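Here the structure comes first, spelled out in C-alpha cells, and everything after it is commentary.
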C-alpha cells in the first residue's frame, strides 16, 4: 500500500468535493455535461488506443495498481540484503549463496539471475553487460507505462477544449434567438468540458504519471546498487568495500543507521 | 491490421459525432466553415510542403498505412526466430543457416544481412558496426515520418488561430452596423477555425505521431535484440546464453512463456 | 529549385488570400494596421539584431535562398559518386583519384579534402578526426542559420501580443466616450497585431526553420556517408564493402535500385 | 543565512502587499476565496503526495530550510582547503593527512572519505569511481528535492484554473437570475483561484526550485574539484599542478586572488 | 561595441515609441501603472534574488555590459594568431614562443596558459584535459549569466499576469457600482501589467539571453580551435596541418580569404 498516493487522492477528492458543493449548493448536476464526458472521457480513451500498441493498453490496469500499491524494496533493504549476502560469501565461499538464490528467485528475479551468473563463474564483463541490458529494457517498459498517463495529461485538456469550442459555436449560433438564461446555461455546459480536461490532467493523470516516473528511477537505482554488489561479491571484495560501493547511492541520513549496523 | 488504432479511431469518431449532433440538433452545417477548411486544411498542407523535402512528402501515404496496419514482428517472435536459428547453428554448424538466410531475405532483410555477414566470417566488430549503423539510419527515417504529423499537430492549431483572428477582425469591423444575430454567426464561423485546429491536433495528428514514435522504438528494440543474437550465434555461444541476452529486452510476463518453451 | 517549398508557399498564400477576401469582401485595408506592422515587423527585426551577432545577420539572405533553392546532392548521388570513386581506386590504385579530386574541388570541397588526405596517405584516425570536426563545425553554422527563423517564430507572436495589448489599453481608456463602431474598429486594429504574429510564426518563420533543420540533418548524413566511404577506399576495401557501409544510411526503397545498379 | 533568498522574498512580499493594498484600498478580504485556497493549496498538497513517494515528502521541511539558509562551502574555500592539504601532503608525506581527515569527517564527509581512500592506498581508478558514484547519487537526491517545487509550479496554476472554471460554471448558470453585482462578485471569486495559482507558481515554488537547482550544480562542481584534488594529491603532484586542476573550475576574477595567495 | 545589439535596441525602442504615441496621441501616462511597475519590475528583481545565489547577482552589471559591448576575438582572428604562432614555432623552435606568451598573458590568458604548458613540455593529454576542463568551467559560468535573463523572461510575464488578475478582481468587485468609464480605466490599468510582462520578456530579457547564449557558443568554439592549434604546435606539425585543424571550425566564405593569406 502506497500511503502517500492514498493521502494525495483523498486530499484532492475532498478539496474538489467541497468546492463543487460550495459553488453549486449541492446541485452537483450543474457540473455534469454529456458533451464533456464524451469529449474528455471518450477522447482520452480514443487517443490512448490510437497512440499505444494493443499490448500496452492491456497493461493499463497494472499501471494503476502500481500507482496505488507500492512494489519493490527500499534502497535500504537492498543494501541490507546485499550486505548479508556479501558477508556469507566472504565467510563460506561464493557457492554458499546457492540456497539464497533459490529463495530470491520468486521475490527478486533480477538479483537471483545476477548471483546465479556470479556463482557459475561468468566473467564480470558478461554479468555487467547482461544485467545492465536488463536494466535498460526495464527502463523502456516503464517509459511505456508512464506514456499512457502522459497521453491523457496531454490530450485530455485538448479534447476538453474541443468540447468547449463546439458548445460555443452552438451558443454563438443562437445569440439572436435565445434568452440570456439559455445562453448562460449553454456557456456553462461548454465550459464544463474544459473543466473536465483540467481535472483529468492536473488532478489525475499528471501526478500518477509523475509517481510512476519517480518509482521507475528508484527501481533503476536499486538494481544499479544490486549490480555493483554482485560484481563486488564475485570479486571477493571485503564486505566493507561492497557496502561502500552501494552506500554512495542512498541519502546521507539513512546511511548513518546502516554504517552502525554494518 | 492494428486493432488498437482502429478502435481508437472509431471511439473518437463516435464521440465527436454524438457531441456534434447533440449541440447542432442535426444541423451539422453550423460546424462547416470554408475559412476553417482553408486555414487548417490548406495551412497544414502548406506547412508540411514548406517544412519537409519533396521525397518525404511522397512517403506520407506510407506513414498513414503504417499507422492503421501493424508491420514487423513482435519481440516474442524475434526471440523465437533467433532461438531456432541459434539451436540450428549450434547443432549443424553456422553454415547450416545459409538456406534460412535465403528465406529471411524477403521478410527481414536486416536479419538476413546480419546472418550473411556472420556466415561469411566477417569479424564481430564489423558486423556490429554495420548493423548498428543501419539501426541508426532507420531511426533517422522514422524521425522524418513522425515529423510530418508533428508538423500538423504544431501548425494546425496555429493556422486555426489565424482563421479565428481574421474572422474576429471582420466581426469587430462590423460591430456598429450588424445586428446581434449576424455578429453571433460571424463569431461562430470564426471559432470553428480554432475548433478544426484543436481536432486536427488532438484527435488526429497528435496520436498518429505518437504511435509512429512508439512503433519506431519497438522496431529499434527488435533489431537490437536480433543484433545481439547474431553476435552470440557467430561466437558459438550456448543457445541459452543467446536467449538470455535477448530476454533482457522483453517484459517479464512474456518471458516466462518463452523460458518454458526454450 | 526546391519544388516542395514553392508548392507550400503557393498553397499557403492562396488559402490566406481567399480567406482574407471572403471576410473583407475585398476591403483588404481592414487587415492593415501600422501598429501591427511596426510591432511584428519592426519587433522581429529588433529581436534578431539583439539576439544574433552581426556576421550572422549578414547571412540571412543566404538562408532564405537556401530555403527556396535546393542545394547539395541527394544521398543516392553521394552513394553513386563514392561507388564510382571506389571502383576506380580499386582498379587503378588510389593515386588515380588525383584528377577526380581536382574536379570535386569546386562542387564538393568536403569530399575533395577527404580524398586529398587519403591520397596523401594521412592516417585514418587523422582523416576521420579532421572530417568529423568539419561536420561538427558545419552543424554549428547550420544551427546559427536556423536560429534566425526560430527567433522570429518565438518573438514575432510575443511582439504581436504587445501590439494587441497596447491597442486594448487605448480602447479601454476610451470605453466611456467612444461609440460602439469606434470601439469595434479599435479592437479590430488591436487584434490585427496578434494576427500578424500568428501568421509570421505559423505560416512563414516556423516552416522555413523546420526545413532548414531537416536540410541540415540530410547534409550531415551525406557527409557522414562520404566520410565512411573515404576511409573504406583508403583501406583498399572491396567496393561492395564500401557500398554496404554507405547503404546503411539510405532508405530501403532507394537501396534496391542501387544494389541492382552496383 | 542566504541573504539573496531573504532579499528576494522581502521584495516580492512588499511589492505584492502594496499592489493588493492599492487595488483593494485595504479590503484585503476581497482577495480571499475559500475555493481558491482549497484548489491551489489543497490541490498542490494532493498532487505532491500523489506524485512523490512518502520518504521524499518527509524531506520537504529540509528543502525549504536549504532554500533559506546557505549550506556547503564556496568554490574558493574548497580550493583553499585542498591547496593547504596538498602542501601538507607534499611536505610531510600523505600519511600526515590522517589528523585532517578526522577533522573533516564531520564537516565534509565526501572529502574525508576521498582522502581516507587516498591515504589507504586505494588505486586512483577505485577512488575516482567511488567518488564519482557518490556525486551521481547526490545529483539524484537533489533532483528529487527540486521535483517537489517543480510539481507545485506545474500543477498549482492547473488547480487554480480548475477553481476558476468551477466558479465560472456557477456564474454562467445564474446568468439569468442574478444581478450584475452578484455576477461580478462571483467572477471575482472565480478569478482569485487563478491568481493564487499564478502567485504560487511565479513568486514561490518557481524561484525556490530554480535556486535549489543552481545550488545543486554548485555542490556538484565543488565535489568535482575536490575529487580532482584528491587524485592529484595521491599522485604526489606538485601543489601548483593540483591548484591548476581546480582553478579551471572557478571564475577568472576570483582566480587572481587565489593565484597571488598560492 | 556590438553594433548589432545597438541597432536592435534602437529599432525596438523606435517601433514601441511610435506605437505608444499613435495609440495614446502623446498621453503616454495612460501606459503607466504603478501596479504594473511593482509587479513586473519588483517581481522580476524578487525572483532573480530568490533563484540565483548572491555572487551571481553581483555579476549582473557585467552581463549587461557584455550584451552591449563585444568581447573576445572573432574565429578568423584566432586562426590568424595561431597560424602566426605555428609558423614561428616551426621556424625558431617552440621556445621562441616565450615572448609571445608574455604578451598574450593579458589579452588571452586561456591561450597563454595552453602555450605555457606546451613550452614547458607538459604531455599532450595533460594539456588537453586541463584546457578542456577550463572550457567546461567557462561554459558553466556562461550558463549562470544567461540564467539571469532567462529567469526574467520566464517570470516577468507571470508576475504581469498576477498584476492583471489582481486588477481584474478589483474591477469585478466594483461591477455593480462603478460607471463604464471607471471600469474601462480599471481594466486598462490591469492590462498594462500584462503589457509590461510581454515587453520585458519579448523585447528585453529574451533577446539579451539569446545573444549571451550565442556569444558563449562562439567563445567555446574559439577556445576549442585554440586548443587544437596548441596541441598541433607542440607536436611540431606542419603549419598547414595546424591551419586545417582549425579551419574546420569556421564558415566556408571566410575560409577562402584565409587560405589565400596562408
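Read from first to last, the chains carry the letters A, B, C, D and E; within each, the first residue is number 1.
As a working rule, contacts are C-beta pairs under 8 Å (C-beta built on N, C-alpha and C of every residue); 3 or more make two chains touch, one makes a residue touch a chain.
Model, not experiment: these values are computed from the prediction.
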| item | value |
| --- | --- |
| Other chains in touch with both chain B and chain C | none |
| Those chains which touch chain D and also touch chain A | none |
| Euclidean distance of C-alpha centroids - chain A vs chain C, Å | 40 |
| Chain D-chain E separation of Cα centroids, rounded to whole Å | 24 |
| Contacts with two or more other chains, residues of chain E listed in rising order | none |
| Traversal of the chain ring from chain A via chain D | A, D, E, C, B |
| Sites on chain D touched by chain E in the complex | 2-5, 7-9, 11-12, 14-16, 18-20, 22-24, 30-31, 70, 74, 179-181, 183-185, 187-188, 191-192, 194-195, 198-199, 201-203, 206-208, 210-211, 214-215, 217-218, 221, 244-245, 248-252 |
| Residues of chain D defined as touching chain A within the complex | 34-35, 38-39, 42-43, 45-57, 109, 113, 130, 133-134, 136-137, 140-141, 144, 147, 151, 154-155, 158-159, 161-163, 165-170, 172-177 |
